[in-house]
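Listed next: structures, encoded as structure tokens.
Each of the next two complexes has chain A plus one more chain, namely chain B in the first and chain C in the second.
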Partner chain A sequence: MRNVKLILLAIIILINSFVTTACWNYREVENLAIVAGAAVDKGEKARYKLTVEIVKIAAGNDAITESKLMSAEGDTIFDCARNAISVSGKRLYWSHNKILIISKEIAEKGVIEMIDWFNRDSETRANVHLAISTENTAEDIFKGKEVIQSIKAFEMEEMLKNEDALSKAPRTEVWEFANNMAEEGIYGCAAAVKLQKMDGGEKTPAVGGTAIFRGDKLIGIVGEEETKDILFAQDNIKGGLLVETVKGKDKDREIPISFEIFKSKTKIEPVFNKNQVKMNVDIETTVTLAELGGCKDFIGKKGREELVKLSETILKERVEKTIKKIQQEYGTDVFGFGKRIYENHYKEWQKIKDNWDENFKNLQVNVKTKIIIKNSAMLSKPLEVRKN
Partner chain B sequence: MYKILRKKKLEKAAGEEKDTVSIRTLTKSLEKNIVLLKNAFSGDETVMYRVFQNKHLDSAKCCIFYLDGMVNCEIINENIIQPILSDDLTQDISNHNLLDELRYKIIVANNISVSDDFNTIAAALYAGDTVFLLENCDRVLLIDSKGWQTRSITEPESAKVVRGPREGFTESIIMNISLIRRKIKSHELKFKFREIGERTHTKVCICYIDDIISKDVLKELERRLDEIKIDGVLDSGYIQELIRDEPFSPLETVGYSERPDVVAGRLLGGRVAVIVDGSPVVLTVPFVIVETIQSNEDYYNNYIFASINRLFRGMSLLLSISVPAVFLAIVTYHQEMLPTPLLLSISASREGVPFPTVLSMFIMLLIFDLLREVGTRMPTPIGQAVNIVGTLVLGQAAVEARLVSAPIVIVTAFTGIVNLMNITFIGPSILIRFFLLFASAFIGIYGFIFGFVVTLLHLMSLRSFGVPYMLGTTKIEDHDGQDVLVRAPWWSMTLRPKIIGARNLVRQGPKNKRGNNR
Partner chain C sequence: MRKEVITDKEAICILIIFTIGSTLILGIGGDAKNDRWISGVIGLVLAIPFLLIYARIQTIFQGRDIFDILIILLGKIGGRFVAVIYVWYAFHLGAMVIRNFGEFVNVVVMPETPMFVLMVTIGAVAIMAVKLGIEVIGRTCAYLLPILVVIIIIVQFLGISEMKANHLKPFFSSTITSILDGAFSSFAFPFAESVVFLGVFFTLKTKKSPYRVYFYGVFLAGLLIIAITIRNILILGPLGTSLYFPSHVAVSRISIGEFLQRIEVSVAFVFGVAALIKISICLFVTAKGVAKVCNLNDYRSVVIQLGLLMVYFAQFIYKDIMTMSDWAFKIYPFYALPFQAILPVFIWIMAEIKKNKITAKKQIA
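After this line comes the complex of A and B, so read on.
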């Protein structure tokens, strides 16, 4: 009898624990409105206008997906997201969101509100890619035409992921940006997206360039080639090409050369001299000679040494130029030089941190480059042209 | 009140039985003895008898009783009747004790015993012996003349191998014992008989290697066998259920096999075998869970290949219970854990399906188990129809008609296939699978983990004849782990598992290490 009572009690407790638990989160997949990408613009009636790209799935055994745009306005981002229910009927499902595009106008006022919700909410992911639209509105990006995939946000995510082999835009995720916002001695940056004309006049979203921030405010956008230099200085190069032209035997004909970057390591070392700080940036890059558009032998020992010396100088000059440009035009330490001092020389950092932004503008940066040519791909000699 | 009535009834019945027994004593008169036996077996027309007499010696008037179909008639004709009928017994026999003279000099049989007890006579008759009565003698000879049809030794259908001996047990206990004896020719191999079943008197044989087994296991097994009170034992399954630990657990705590090589291997591993007459399935105790994923072929094949196969079996054991539950939890609770393309394709396949994922998962799993059961019960010619209906109607048509989504059919099919990999685990896995599915239908992955922990706790609490059920799975630094998820090479398996082979740990001397030709 006592056992029966015990069992009954256990059953009652178990049933209660099932019935009264709060997070009864059962939902069927087909009832989700899967958000692929989001764009934030200034609203007309409320503060923000949130445009989301939703994956519309056609019924069928093959997943036929269509892109569907939907906008809602609200005073906060979460407000917008919830207001979207009245448009879509379904609750937006944010876990598969890939990209957050913010319009220039809003980014210039500060992005902390968007960053916060994406970091805080349990459904959104902190590894959403952050991008700044260079078009008039962020929404415009989603109005472009897709090329391969049917969902533009997924396409843009692929672009950003494959930047590893291109190095023309930084790949910044929301959590990373949030960290950079908070940390001393570094400012965050994000990828820039734009619309690019295709054949036939239609425009398609394209990624390229860096949006430079001070705190959470956008202060400028730099181009694709300069992005590569920034990535070199940040030690964020994972791949990509180094393209240059050198003088050949014929004086009037230049030889284009592409190096494919295999491995790149940048050492950033602050040097203290009395009260002066100098930064030594040592770039060591392993490349292969992927293209040699001429007959001059740059592969033999002598030619190679010449080429290495030449390329090192070219790389050094362009990186120095870009650093100078950032220092003078924006004065924002996107390279994380200050962070390096903070990490490795804490005492000195304490002395200079208060006017680091000013210091950075006049910081002396010595760039040293070293290029190691690993091989010359499948050919061991330059192509020859028969002389008549 | 009822108890008292029943007790009285039992006492009465016992008293009656005593009366009839006391009447059944043999006398000196052959006529009377024949009548006595005829009356005792009246109503059973398979009891045959024949009276005959030697033509030279009148006192050699005899009668044989035997059961039609249980005896070898050639033995009776040529070894019992012929010598007594046609030989000149006056020359051979000095006549002062005719029965013994016949027993020692005339009758040709390998096993003859003398008895005057009616119960012994009856038991011998039912076992296929011939009862030999003689004039002027109140004792009888019980002559071994057993001869009935048995199935020949074939490879068991349920456990075929690519490599290894192809013989399997039959329904005859003596033949089964000989199959084991042929593999282990040691004087330490013991066979102990007993009879279980108040009406069937089924022969049950305990078989073990005396200097390996743990005496405690043997003692416990004998105690449990002695306590069995049942009217009939038709298969070893009866015994299996009556001697097992944890009678309410869905998991088997007694092992079984139809193959002599498997049983011999387990005997060498320190287990005790129980052979039941009439059943081609031999039980082995103690049983641990790793035996579910062990196959006899593991020991005959290259150890690397065997280990890979065993890992597959272990994996499929886990998958067969967890795949539907994990799928359900992720698809209905944790969509963020799915890769985006997969989410899209699952979502597309769910579009327009009326039933919730949970319900269709339950239904499909039930249908699969239904089909499996139908498949086993069906006669082979009809079995094909089941296959066609199962695959076409339930697989293809149901998806096309949007009754279930394709991923659910895939999950069901996958679960079914991995489930069939471990034949002995099919029964328990159904229950565990539905339990886990139920748990994850309520609270997602959290529920699945909860259910899995409960299952694991249950497994950990099980014992088979005092041996932990999860032996060998909890730690790997010991030599116990050598034969669990992988099969170590023979030269390294020098010791037996500690708890089972408690008394004689050394399987082979250290000299044999890594073979002789190293």
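After this line comes the complex of A and C, so read on.
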């Protein structure tokens, strides 16, 4: 009896292991079209044209990855993605998507249509980087030539990730942008991408600059240096260089100097005075003197003090200038000044939130800068040129 | 039949896993935005008097379950009538948790698999667990809880790099009503759901145990839930309120050096275990109740039927996930109020009166 039971059990287990071990809807790797990056343009026949960069995995001893472009049109992003089946015969697989590039033309009308699907669908990931193309179309970016990696979208992701050491473009993920759209007292921004000429006339995708939004609508793009100032005012500087030129001993010869930023902290404190609000922006940056292109001694005690003072004024002036420019030209609070008030001074915010956009344009911002030079790298003196 | 006994430690473990159950994945607090955790704390405090009442009822009638107690207090017919109400509550709660599990797996991982398959699978495991008895469930919990807690704590620390402290500020930015609303909702789901354990803790050994178990259990679970809520707010910010499964998304953001990422499966694991235990406990209480009401010798004879019914019920209980989340946060607190608060208070008052009579009778005799 016991044996019969055992045998029966064994048979049941055996049959089950054949019959029930399978996936309901399994998909093999070679049947997937893995999306690395996506670009959205205005469509010719339908509302949107979606161009995706697909990773082709060639089987073999070494896995070789190749990039391939493919586009499809549709009335929504998901529609485009599904219509791509008729082009490739394979379903797009979105989990490895790294970047979403949107053309200027449609970003100006609002990007909510593009980013909703990335936040909502369970296959797409919400930590896709958001970027705006400064070229005519977003698709153009993918038509550039890659430099190091074979996949352009992965390359651009690396660029964005390494912005920490450059600070010339903000790094915004789709979910973060969605948060900024909803939060009070801040407008989102995204990185700008463009094509850059290389030797030999070929163009390659490059990241740099900030796309400025109002709500979900693109209203302008500012350059790389101004981006750094914006990042200073947002307290988002993680590294990068601070480059300036100062006058040396010879009146006609300027000395270029680069500081490498190691730590930067920006304190943003609103000051309330009756019905007026003022913003105090205190930037404290720890740098090393990484390059000193001249003979003047800026390292000794006296020279150092002079250099610090000079650099502080230069930094202060450029940040102030950029803030003023944003206030006057765009009038959108990309710095999140309003958000600071909302978070730390909730009661006052209730009074001013309704016309914050107007207030922001005329907001008085006091920038204070403090630069701490912690070392001058390996050299303790400037290089010398023998006189005679 | 041998009397089943669980130790205090096992009971605490069951209660903790039961309480974090589906809350872990659905979150608490409803509309209170970034003050959801405050709602959680208030909800936990609100639950204290009721925990005292549950524990007191259990102490007065040590070794008897809620259905026995009702029959003693209200007589054979009245007692059975109220007992049926509690059977319904446990049955409904179990079905809701099965459905939560089904929806979660369906939305997040397997959108094309019929939900019924998923629900039958977890239902079958729960049926097996209940057939094996409460002692087995207790020992399983004592074994699993440390694993779950370690996973939760590790994930909590891994998430630090994604957290932004300013998402918590400003405190009390949502209106008082929405905070209290959230508190009420988190009182009903999950803290006061521990009323179901009146049908389980007759297995405790000593008279003091119920107090100890209820307090340690619900408080530790409350701490875990509040810690998870704060983590979710810190990682997700304003977007968190519009997610069905905030924990899952919050953990999916964690990415440490390109190497340690996509660890959201840990949430699914913890939720799977916790849902299983919660369903098992509900099924156990339902079966126990049906057996008592119908005068059966052993509850085990009705477990399979009730378990399958529970799964079927879960299938048509909600139309879609929108109804589910509406129900869980808006309607459920009011629906559960009689079971969680009103009836227990009545039972407790009657128990205190009856207890004196019983002791008086004894003295006369």
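To be clear about the criterion, the second predicted complex is superposed on the first by the 364 of 388 C-alpha atoms of A that agree within 3 Å, B and C clash if a C-alpha of one lies under 4 Å from a C-alpha of the other, contacts with A are read in each partner's own complex, and residues count from 1 in each chain.
Following the convention adopted for this analysis, a contact is a pair of C-beta atoms (placed from the backbone, for glycine too) under 8 Å apart; a residue touches a chain by one contact, two chains touch by 3 or more.
What you are looking at is a predicted structure, and each value in this text was computed from that prediction instead of being measured.
After superposition on chain A, the partners chain B and chain C are seen to fit next to each other with no clash.
Contact with chain C, but none with chain B, is seen for A:Trp175 once the two complexes are overlaid on the shared chain.
Judged by the touch definition given at the top, the superposed model places A:Ala107 against neither chain B nor chain C. Here the vertex is the CA centre of chain A, and the angle it makes with the centres of chain B and chain C is 50 degrees, a multiple of 10.
In the superposition on chain A, contact of A:Glu183 is made with chain C only, not with chain B.
Touch criterion not met for A:Leu363: it reaches neither chain B nor chain C. Contact with both chain B and chain C is seen for A:Arg125 once the two complexes are overlaid on the shared chain.
Comparing chain C and chain B on the residues of chain A they touch gives the larger count to B. Shared-chain residue A:Asn344: touches chain C; no touch with chain B. After the two structures are overlaid on chain A, the closest C-alpha atoms of chain B and chain C sit 5 Å apart. In the three-chain superposition model, chain A touches both chain B and chain C at residues 25, 125. The touching residues of chain A, counted against chain B in their complex, run 18, 21, 23, 25-30, 32, 34, 55, 57-65, 93, 95-96, 98, 123, 125, 154. Chain B makes touch with chain A in their complex at residues 331-333, 335-336, 340-341, 343-353, 356-358, 399, 406, 442-444. Chain C meets chain A in the complex at residues 107-113, 117, 166, 169-170, 172-173, 236-239, 249, 252-253, 255.
Within the complex formed with chain C, the residues of chain A that make contact are 24-25, 119, 122, 125-127, 175, 178-179, 182-183, 339, 342-344, 346.
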